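Consider the two complexes below, in which chain A is the common component and chain B and chain C are the respective partners.
Now for the complex of A and B:
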């Protein structure tokens, strides 16, 4: 590892932190606006999350008297930092990931667990019974969605393993879209994997109907009940960044297409067109995986979360995997 | 670079980037208000005062939601783990036979 590499890594990390926070909050604002319209409300302006952060930063940063103070304060910081870290490994806007070649898809799966673990640690450290219940629920939710998520990742990697290359590399997956490597059975299988991934999203991002760990109406915010001021601002930003990162991952796995070549664009115009197209794809993924679902359904109970993920969604993902295997075995191609 | 043959991870690059981003986040966080009133430190518990000691949650409670939803599975498992050594040995023999059949069926059956 050279000094030059480290210098550019530092510079790019700072830039990506800025991009992640800006787009995280922007998409959060869009999500809130659309949900409000779906529910017949005017809703807050799209810039509201930025205003919320500014307001939170000016509020008291209360630490409960029996809390483990260092862990309580460190958890939001680690949660946000690890959420931003995700974007160093995921291709954004038609470019390779900043740390491409330095970490693969399996690493991204593990990195997605860190923000949740940080929140669990912060919840347990806050000495509140509500937060403790929220932390328990977050652990159970994590156990639940990891299985179908792992099945989806393995299925895609297995299907691409027939092609020469590093199947867990994000650049390799992005340059070999799964839709171009399947027949009829494989297409149905890939759609089932996409559905599983879309349903995993609200669990991973603690959104309705899988937001049992926060559940404002039952446990007053659960994990975040004791957080306020700048600590809550960090968790608030992390929430937006995670949405952006997860939607970017879905785009990289399932829709890694650019638009510049289709429009015969070159140079700067092609970069801008691809980046804008990427933002549109991220918005569409967020809309179907988060906004639409959270506006349309009610919250599950914790036992229903486990059953939904371990039985229903895992079965759908496994069936998708089996169809991809049959697709390779029987090799049914398009007419 | 750590490599397993399938996956890879450059831990040094991860640590460098993580430290840089932690510093950025720390700077943003330090722009916020630090102080708070002493009387606001009481944890929220719907207006009820919490006992003056740390609130602990037993480790057995952590997986409650999981165990509750998988009750059918755990009931069967608990029944099987009855503490009678003869039953454990029977299971061991049964599984060993199944494995042997699976491994050598092709060679034994014409």
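Now for the complex of A and C:
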């Protein structure tokens, strides 16, 4: 029984890893294409990230002379592995997550920190001053966005704690959408939480305007400056997987709806319809949280990143939390 | 499978070894929406460790000599150096000046060079040089 359970766990994990890498790179390609169109360019083909990865795999892998070798080589591996591990806890495509249970909501919150911490370790280990500056900036960015992210997740869990069930599990939150359990005040509050989640995304994923840690034009790639060949390919894939995972988390927290029951489908057709609908939702989240912001604005300075997250976004998230609290107190229904 | 990847994905690192900035502007012009080098997968990167191609401008001044060689050695193999502009090929208007350490292909002969003549060359010519470079990289990968 246990042996069979572990066997299926491993098989499913490998399938999830394949899905994560494929769709991570695919969404990266779509992202680049859309940004190019927004700037009035033709842009690279959508399969461009796959070609980049294949090319990086065939390049020489240099480890700098003064680097701490084992840490330098381990960092990209940990970064990629923990990015894929995130998707074992987040429900994707209408299916339940593979590993689920009590408290996985908090676990996800911490798992999102691990790729960044791995990259910080790799940056410090690579003996380059650019990488050291990038690593310091990454730590500062992490400190900035963790607070609003935690506020958002706690607010949702607190609001749903009125219902019977295991609040801190992803499956419970995915089956009880926040929109159906709030009144008018709570609706406004939930929208504010969604806004802060969308603004946390570019910080979490190191995208413009919060990509101070990897700023190519000022610190030459920052954390990744000394990486080449296979290690760089792993960081490149991990970046795509992280985008897919974060968009999946936003979908699971805010839009866990399926389309199959609406179209009155069943059997295999319902699974396929739900999965395609999930991919569309992930695309929309990525479009508004990453692509649109990336094409529209320039990079912040590091001080501006801290102010933006600690003051503006935390205030919006806290106001959302307060509105959800008042919603329970006054109880004005909208549905 | 591997050779085709080089054809559509070239990451370029740009070195200025003392040029007048004319060629550098033309390299940037090749990335603008008008020419859009990214549609061929050509991307400007910030670190020589990420690069496949080095876009090299300028005659090498005495001050830049050691640094330029160090940057080229930091680039992982297989790599190609595309010398953009007349200065990098034979000194151009700086020919036989007192402060030059000589053109780059004399200083660092153990690399594959492609030359784009012109003062400055047009962006089309620069993109064509990158096309030649990826043809050569494909050949290397086949062997």
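Here are a few things to note about the model shown:
Quick note on the criterion: the second predicted complex is superposed on the first by the 331 of 335 C-alpha atoms of A that agree within 3 Å, B and C clash if a C-alpha of one lies under 4 Å from a C-alpha of the other, contacts with A are read in each partner's own complex, and residues count from 1 in each chain.
The rule is simple: a contact is a pair of C-beta atoms (placed from the backbone, for glycine too) under 8 Å apart; a residue touches a chain by one contact, two chains touch by 3 or more.
The structure displayed is predicted, hence computed values, not measured ones.
When the two complexes are superposed, the chain touching more residues of chain A, out of chain B and chain C, is B.
In the superposed model, A:44 makes contact with chain C only, not with chain B. By the touch criterion defined above, A:102 lies against chain B but remains apart from chain C after alignment on the C-alpha atoms of chain A. Judged by the touch definition given at the top, the superposed model places A:136 against chain B, while chain C stays out of reach. When both complexes are overlaid on chain A, the residue A:270 reaches neither chain B nor chain C.
By the document's definition of touching, of the two partners only chain B reaches A:124; chain C does not. Of the two partner chains placed by superposition, only chain B is touched by A:81; chain C is not. In the superposition on chain A, contact is made by A:59 with both chain B and chain C.
In the superposition on chain A, contact of A:225 is made with both chain B and chain C.
When the two complexes are overlaid on their common chain A, residue A:6 makes contact with chain B while staying clear of chain C. For the contact definition in use here, the residues of chain A common to its chain B contact set and its chain C contact set are 57-62, 130, 220, 225-226, 228-229. Those residues of chain B lying in contact with chain A across their complex are 1, 6-10, 12-14, 16-18, 20-22, 24-26, 28-29, 31-37, 40-46, 50, 53-55, 57, 61-66, 68-70. On the side of chain A, the complex with chain C involves touching residues 32, 36, 39-45, 48, 51-52, 54-55, 57-62, 130, 216-217, 219-221, 224-229, 232.
Interface residues of chain A facing chain B in the complex, by the touch rule stated above, are 1, 5-6, 9-10, 13-14, 17, 21, 56-66, 76-78, 80-82, 84-85, 88, 99, 101-104, 106-107, 124, 126-130, 132, 135-137, 139-140, 143-144, 166-168, 212, 220, 225-226, 228-231, 233-234, 302-307, 310. Across the interface of their complex, chain A is touched by residues 1-2, 4-6, 8-9, 11, 33, 36, 38-41, 45-47, 49-50, 52, 74, 76-78, 141 of chain C.
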